[in-house]
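Paired with chain B in one complex and with chain C in the other, chain A is shared by the two complexes that follow.
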Partner chain A sequence: MLRTGFFVIFLLLSSVLCLEDTVEEFQEQLSFKSLRDGRVASTFSFKTLLKDATPRDPQTLALDNDDSQHYTLFPLTLGQILRQYAITELHLTLNAGKWNYDSWGYPDEPGVGVGAELWAWMADGSSLSIDERWQGVRNALAGLFCASLGSLDEQRTTSPRLSFPPEGSLPDWGLPHELRHASHASEHVCTENLTPFLKLLPCKSLSGLAALLNPHRLFDADWHGMSLHVLWRPVGIEMRLNFQLVSDPLRISTNKKQDWSFASLFDRVVEKACPVAKSSRVIVDLPTYGVYRVHPEPSEILNGKAYYDLTNSNQVWDIGTMWPVDFEYPLSKPTEALLPFSVRRSLFGSTQDRGQLSIVVTNNQNETLQMLYLETMPWIVQFYLHTIRVHSDDIPSDNLVSNITYVLPVPHARPATFESVLTLPGHSTLTFTMDVAKTFLRYTEHPPDAQRGWDLPPAFLHPSYSHRTDLPTTLVASIHHPYLLI
Partner chain B sequence: MLSLRPTHTLALCILLRALLAYWISPSSVSSTAGFLSSSSPLTSWLNLQEGIYLFKRGIDPYSGGVFRHSPLYLSLSSLLPISIFSNPLFCAILFTVADAFAAYALIGIWRLRQGLRLTMESSRDSLLVAIYMLNPCIFIPSLARSTSSLDNACLLGAVMWACEACGSGPGGKSENESVVSSKRSRSKSRSLLLLALRTHLSTDTLILLPPTMMLILSQDPGSRLASPRGFVPGTKNKSTLTTPILVLLAEWFLYWTLLTLLSSLVVGFGSGWMGQTWGASFTLPDLTPNPGVWWYFFTEMFDHFRPFFLMVFSVHLLLYVAPVCIKFQHDPLYAFFILTGILSTFKPYPTLSDPGLFMALWGVFPEVYKYLRHPLVTFLTSLHALLLQPLFAHLWLSHGTGNANFYYATTLVGACSGGLALVDACWAGLRIAVGGVEGVDERGEEKEVVTQQ
Partner chain C sequence: MNNRWRPLNFLRPAGDPNLARIKRRKALLSLIARRVSILKVALFIAGYVWMLAIPSSQLDRGVFIDENALQPGQVNTYWNWQQVHDADHFLSQLEFLRDSNATSEQRSQFIMNQFVKIGLSASTQDYEFTGVHKGVNGTNAYAMLSSPRVSGAEAMVISASWLSRTNEGDGTLNLRGVATVLAFSKFVKQYSLWARDLIFVISDGYMDGMQAWLSAYHGETQSNLRAQRLDLTSGVIFTAFNIDYPGHSLSHLGIFHEGVNGRLPNQDLINSFQHIARRTGVPVVLYDHKDEPEQLSWLPEAIRNHHEIKTYAAQARNLWRNVGYQASGRGSGVHGLFHKYRIDAFTMFALPATGPHGFYSLGRIIESTLRTTNNLLERLHASFFFYVMTNFDRFLKIGNYLPSAILISVAMMFGGLQVWVDAAWTKRQSEESKGPEPALMIWARRRRPVLQALFIMIGTHFFGAVTFFLLSSRWYNSISIGPLLLFPVTSLLPLVVPSFIPQNRSDSVAPLSLVLKAFNLCLSSTVISIITVLNFSLAACLAVALGIPLSADSLSSNKAVQMVKYSAYLGLGIGWILWGDMTKRMLWNWDVLGVWLLPFLCVVYFPLTLQAALVCII
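Presenting the complex of A and B:
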């Protein structure tokens, strides 16, 4: 009897502990930014923190006695994948469209390359090799997100040396951590990927900011993409789900106004807050030009940003900005650059066997800029490194490219990885060209609709070598490369 | 042309070729003009430059990618500055010298076959120089800087010295016996060294090894096509051929092993280069179109059957060696000639240099010309293939109005012309032993053709 009493008390206590919910935290945030060309960038960010949790030590994979997984807010399906393959850090992005850095500036979430991109940090030292776990995790995520991530196979997988440092921390198990990165430019995001995305949220799309995720409007936006980030910090495991979009209010408005609101952008409003969210905010980046009105009145304005706190509110929210005058499209090139540098990347050559890859980088600053340049290219396009020519303002200056590391492609098996450091003197334009050979393929290696061609993966430019380390990676737009052989 | 002294012809051709090579950029020959046929992935100068660049930067060029040349080229690069490989003057000189040496070797083979000494002139020399140096199949790959030109020079040099190393060399009676034998063994060593080198540069040399070794072992390189007997060894003691064969093979193997060790030494005691260089001929990893018959077949091959047919195609090449060497055992040079033709038609990565070598070697066998059955057909088919190949490659790859089947059709015509030439060469080489010409009797008068009514 006494024992049963204790048991009941224990049960009560534990349920009280669960209700207090100190182990897991969910925060949601939505930010808006009006862009130079009249468009509006919106970023949804849903963050779940699993306090004091650590990623699975890969040495325990062989033992098969993993900790039991009881989550209230953290999605179990994702947790199972992460633990089964002992993933320390994971980043998945699925995007559609080309991010226009020159008129949109840096995105809130840096991963804006076209198509699917997946990268993970894993520790070695388990019974399963890193490559086996990499294969497992991409297949599992392919199932979870209904995306063709299975095609991110060894023909697309690279391990760049410097370009993708872990965003969080790596646990000190005394094991070496390795990176696997793969991207697939022709895998586009669509509704079937959004449904599983919403299922990972504690309130689904029933309440809170996620209620605004209306697929009809999201996938109608000029640019849209979703991402998943899992990382570990000493405080715990953090999972971030993001949805970014760039909508054009001018396209959907009947007049020439830049006005936007929840209702006009998403055709929905927030009717009730997500009850389990610890915080729920909307941030509107206040434009520095023109006359406009933000409605309703923000609860706080700080550093040119309007903050709204939606936590536990039962009010109906339809936040927006209104402009009294028509939008005038800037006809001249804006004088002030949004980015410290601007990039153009192209593949020249009309023949089917040879071509030339070129990137043109302009430094908009006074100081010298050093940046990490990474190309990962499937073996179908082979580099000729001895033809690298670098011109700075049309003067040959081959010494501006340094620290070249190159992993050679293996036909039918492995992509090429080319990493180097570019040095740009202040206010100069650097032109980097390299000849490439277009490989002849077996008939089974052509993608479906072979006449359409190939989408080559984006390149990465990271100004990590400059004294400013806050600059995020810039993805140079991927190239569509028509390919017709046989 | 025939009235010119051979040295003058050679000098003229060299000058012409060097000027051409200096003024015409290799890219205009190799890619943009659609001359896919001028160099293969195994012999492309661009790939060689890439390999050398990577090697100098400390990246193993054999860990993947496009570099499929022998490490011996890399050892060359450590002696020379890297910029020299893109220097047009250096390339012009290198390839002209290689072709000039090959043309000289061709004259040498002819002179030795006529029983002359290597330094004695003959009336056919100028023609042979012209056949080699002014042959579009030879000079187009040279202008495109395909290393197949160097391979050809190497092979012809090996054959020339093999001819010189034959049993009773020319002028043996007048000179001192010991001088002759030492000269002969020197020629033999040179020949075997070049053969070992050529085996390194291009694996198909293995097929040409038996006739070349037979040539070294035979009594003299003169034409015996008209009087086929059996193999005529150079040694006095005709019963014991086993020992000389073994000695010859051992010497070749020694050189080959030394070169292999050197190659491995160059790339830091690795063996990864073997799969990337020699293995490419057996696994066909690069499907860049070439005038051969493999690439299209393996582009369209079901993955399931690929290993099997790769084996079939490789073994197919080996099949010819024994029958040809046995049938033409009385004249190993002719067997060599036939096998060159087989390689040029059926090898995995041919370039224009391979049919070019076969064509040039025709010049050494004028005695069979009148027994050819369909020389005009052969000539016209090969002309057809030669003219259409660049055209269709251009239509397909640059212009975008044709497709692979156009080019493939011309390579098939090329293979047919190679086959026709081969069949005719075999026929004429055997028919000559019977004597007389069809339709013409011994006195050269036309026979009356009797047809049944």
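Presenting the complex of A and C:
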């Protein structure tokens, strides 16, 4: 009897494992990078692949006969939302802090705008319009992630023409696909968002790399953000959950060294592997300066990166880097800039009615750089396009801005969308200024804490490289708009 | 409707209610009109007495914290002897710089390097004023701490100017203030509890450096300022502290809060600071008054030592300082420049002494005050923006000081209206009288020359504007006898006005001087009551300077008396021009800092007195 029982259990287990192997795949990866200013950037990436699956065709929404959903690794709660609203591609980021491009370089995950950002590609042609489904998915995700995504309403939603191309592929249903994008800069990210994030992982935070996700340490980091990406490629539906953080070992430790390890950064170590993970890797970007020791000995070193394979290991892992000497902040600016360009965005003017939006972009390389510049603003800030002035190294050169697309704001209803292409000659600084008017607000239209003002959405700059496609392309710059009730 | 059942029936006499109302109003008006002279005097007396009563302890009240979020003094402070050691270390390096006569550029470069070594992003900013004040230039150094987890949308500033505010920037160096800011910037980097970015500014000079930095930060352009664009920017600045520590040690911390053009910071900020400083054990004073006033030695001992008198004397001295800073519009320190951009700021001034406090206490107080403002979710908006501080812990609400100037302004308005009404009437013999009995004197209406009076007024203001233009011209400032040239010109030129005025002294037209006086009084009254809310000290000064003098002017028949009166009014109006130093300082304040006092004096105040002077001679 006992033997039969074991046999049945074995059969069940093996069938589950077989199913996993063939239909669903889970991979986890954690990468570290020591930054120039003594900080350490770490990126957790959890990838689930649903093989041979396709997003729901919106035409079937009316029929209400969707395929039954049986997942072992893919989170059902998310799957239900995606199929309910027939979402082809979805990106959600929840971040806190300002990404310092100049000393941290490009992030591993490009979406680093402060607060919440959500964008989705959906096909038209269903009984439910795209906007109805957009509203539905917003509210469903708000419930799933305990974030105020419900406030990403039509007053914040835009559909930029070029700035957010789909990362995966769009299924060929013969239907046009459309983009919806919205961001909410004043969303505060905290542990109530992390708990639902962990619940989407097959091993939760019990084992594997996710065990390191200790909220006390994550939310003390200088910069932290989580993101969810769902996209479709011909091989299947891919879901990525990422957690990215920049910690300052010089702040959290008492000594003045840049040393870090799992234990020092997260106050935890990896004690057991996640049994369902097909692969589990830790990658340490080896610094190009100084004398240091990476511990323990990596299993492989390739292209300046140390690789550790934690798959199915039962060892206790506490990977880290140690420096023998104290860290010193570099006095001079580095000879080679981390990024091909740098950006500064500000809103000038201390009055209640007028202001000036200014973007200063510096091209750090020899080649001419073209970049797509996207500015979305709630209707409370109105652009005066005729006041656009472009200076290149303090010389007026209005011809450097081209291809302007502008969607007018509708008061109380729709934000403004401004897209244009900026051309930067090699080693030049381009200053783009535009006067703005601050609209008079009705009493009830002020946000809570009216004396604080509004957080305005970030701007997006996408450099278009002709010769390099390896770099992530978005750069975001955020500002705050104090609009006060007197 | 049955009248019997209406309440308060006795107030509603029978008959047409509208007619009754009109009668009532007429009776009331004539009651006031008949007694307007007494009323005027009563208002003047009440106003001036009230003004004198402002320093008394009967009108003020204790300060309190209005914004619950501030929670001052509720945190553990971590500033300790290690940080004092850091500050001492920075101080010795700064002293070396001072001894080696380092230039502005070298100093700012050094300070920037210290910030960079601490791990902050830092930069410098060159600035230079052109035009009249060509020599004013320097280099600011500043650094930004992007606080963990914060979007960088909001910021707080901690600043120190290279020159201390001692005697309005007489050259005393603020080395310990700068060292405090440097050590503090190193200290705050260890903590992740900051809710907004922190900006550290070491401004060059006394006021000029910060003016250049703030203008550049807010993207303001000033035609005579060439300031380098800032390499680093952060968000909206909510609060700012300026640290001034010129001595070796400190005994008290003084609060300086007046901003340029009479602006004041939110009182909660000052209240939190004084609360924290006293809890930390450092006594707080308003300004730098740590001793009791000595001017009372002529009073008998019994009166001198009376509590009420002592308080009055001490508070009157504080008030006098307040009026000096506020009415002149120059503000009481570097913090005053922030107010223009709606940033609440004040200076904590370490009163030089041989002890007992130093970096240790100061650092703790700064840390705790910064933590308090860090608690704020919004900009400071509760508490008071309109107040008069009589002591560090006592203040007057707006309702307790504003009426003094308003009463005087009302008295002037009544006076003006009285003259206006009087100008319309004249007594003349009745034409209808016949027979041998003396002619009946009757009141007859006459025309009032409004347009002429208005032209004269516009002309005087234009004349004031021209005077201002001359005063601020490069030519005037390059010659030393400028005042001696300009004063006679401005005082003699208006004497030609009477010759332009047609002399028709007919009974059917009111004398021009009366109409001019009426308008002059009404305009002065309006100016004073408007200024009361913008800059109370200035309004109070105007009320004192203009109130009685402008009401007392009249045309006299004697030419000599006319000229004496004329010159007295001009002395009151433009006499200050002879104090060349004062004019120079006002011009500097206007040109560099944008203080409105000089243009105000030239374009508003001087013309008002000139109008009164003209009343005496036309």
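Keep this in mind: the second predicted complex is superposed on the first by the 456 of 486 C-alpha atoms of A that agree within 3 Å, B and C clash if a C-alpha of one lies under 4 Å from a C-alpha of the other, contacts with A are read in each partner's own complex, and residues count from 1 in each chain.
FYI, a residue touches a chain if its C-beta (ideal position, glycine included) is under 8 Å from a C-beta of that chain, and two chains touch if they have at least 3 such contacts.
Since this is a predicted model, take the numbers as computed values, not measurements.
Undergrad: After lining up the shared chain so the two structures overlap, which partner does A:350 touch, if you call chain B first and chain C second: first, second, both or neither?
TA: Both partners, chain B and chain C.
Undergrad: For A:222 in the superposed arrangement: first (chain B), second (chain C), both or neither?
TA: A:222 sits against chain C, while chain B stays out of touch.
Undergrad: By residue count, which of the two partners contacts chain A more extensively, chain B or chain C?
TA: Partner with more touched residues of chain A: C.
Undergrad: Determine, under the contact definition given at the top, whether A:439 touches first (chain B), second (chain C), both, or neither.
TA: So A:439 only meets chain B here.
Undergrad: List the residues of chain A that touch chain B in one complex and chain C in the other.
TA: 350, 484
Undergrad: Quick one: in the complex, what on chain C touches chain A?
TA: So the residues of chain C touching chain A come out as 113, 116-119, 121, 146, 148-154, 189-192, 218-220, 233, 235-236, 340-342, 377-379, 381.
Undergrad: Could you list, by residue number, the parts of chain B that touch chain A in their complex?
TA: 31-32, 36, 46, 49-50, 52-54, 57, 59-61, 63-66, 86, 285-289, 295, 298-303, 396-398, 400, 403-404
Undergrad: Touching residues of chain A toward chain B in the complex: what are they?
TA: Touch list, chain A to chain B: 350-354, 382, 384-386, 404, 406-412, 414, 416, 437, 439-444, 484-486.
Undergrad: Under the stated contact criterion, what part of chain A meets chain C in this complex?
TA: 37-38, 96-98, 100, 103, 114-115, 185, 219-224, 248, 250-251, 328-331, 344, 346, 348-350, 356, 358, 449-453, 455, 478-480, 482, 484
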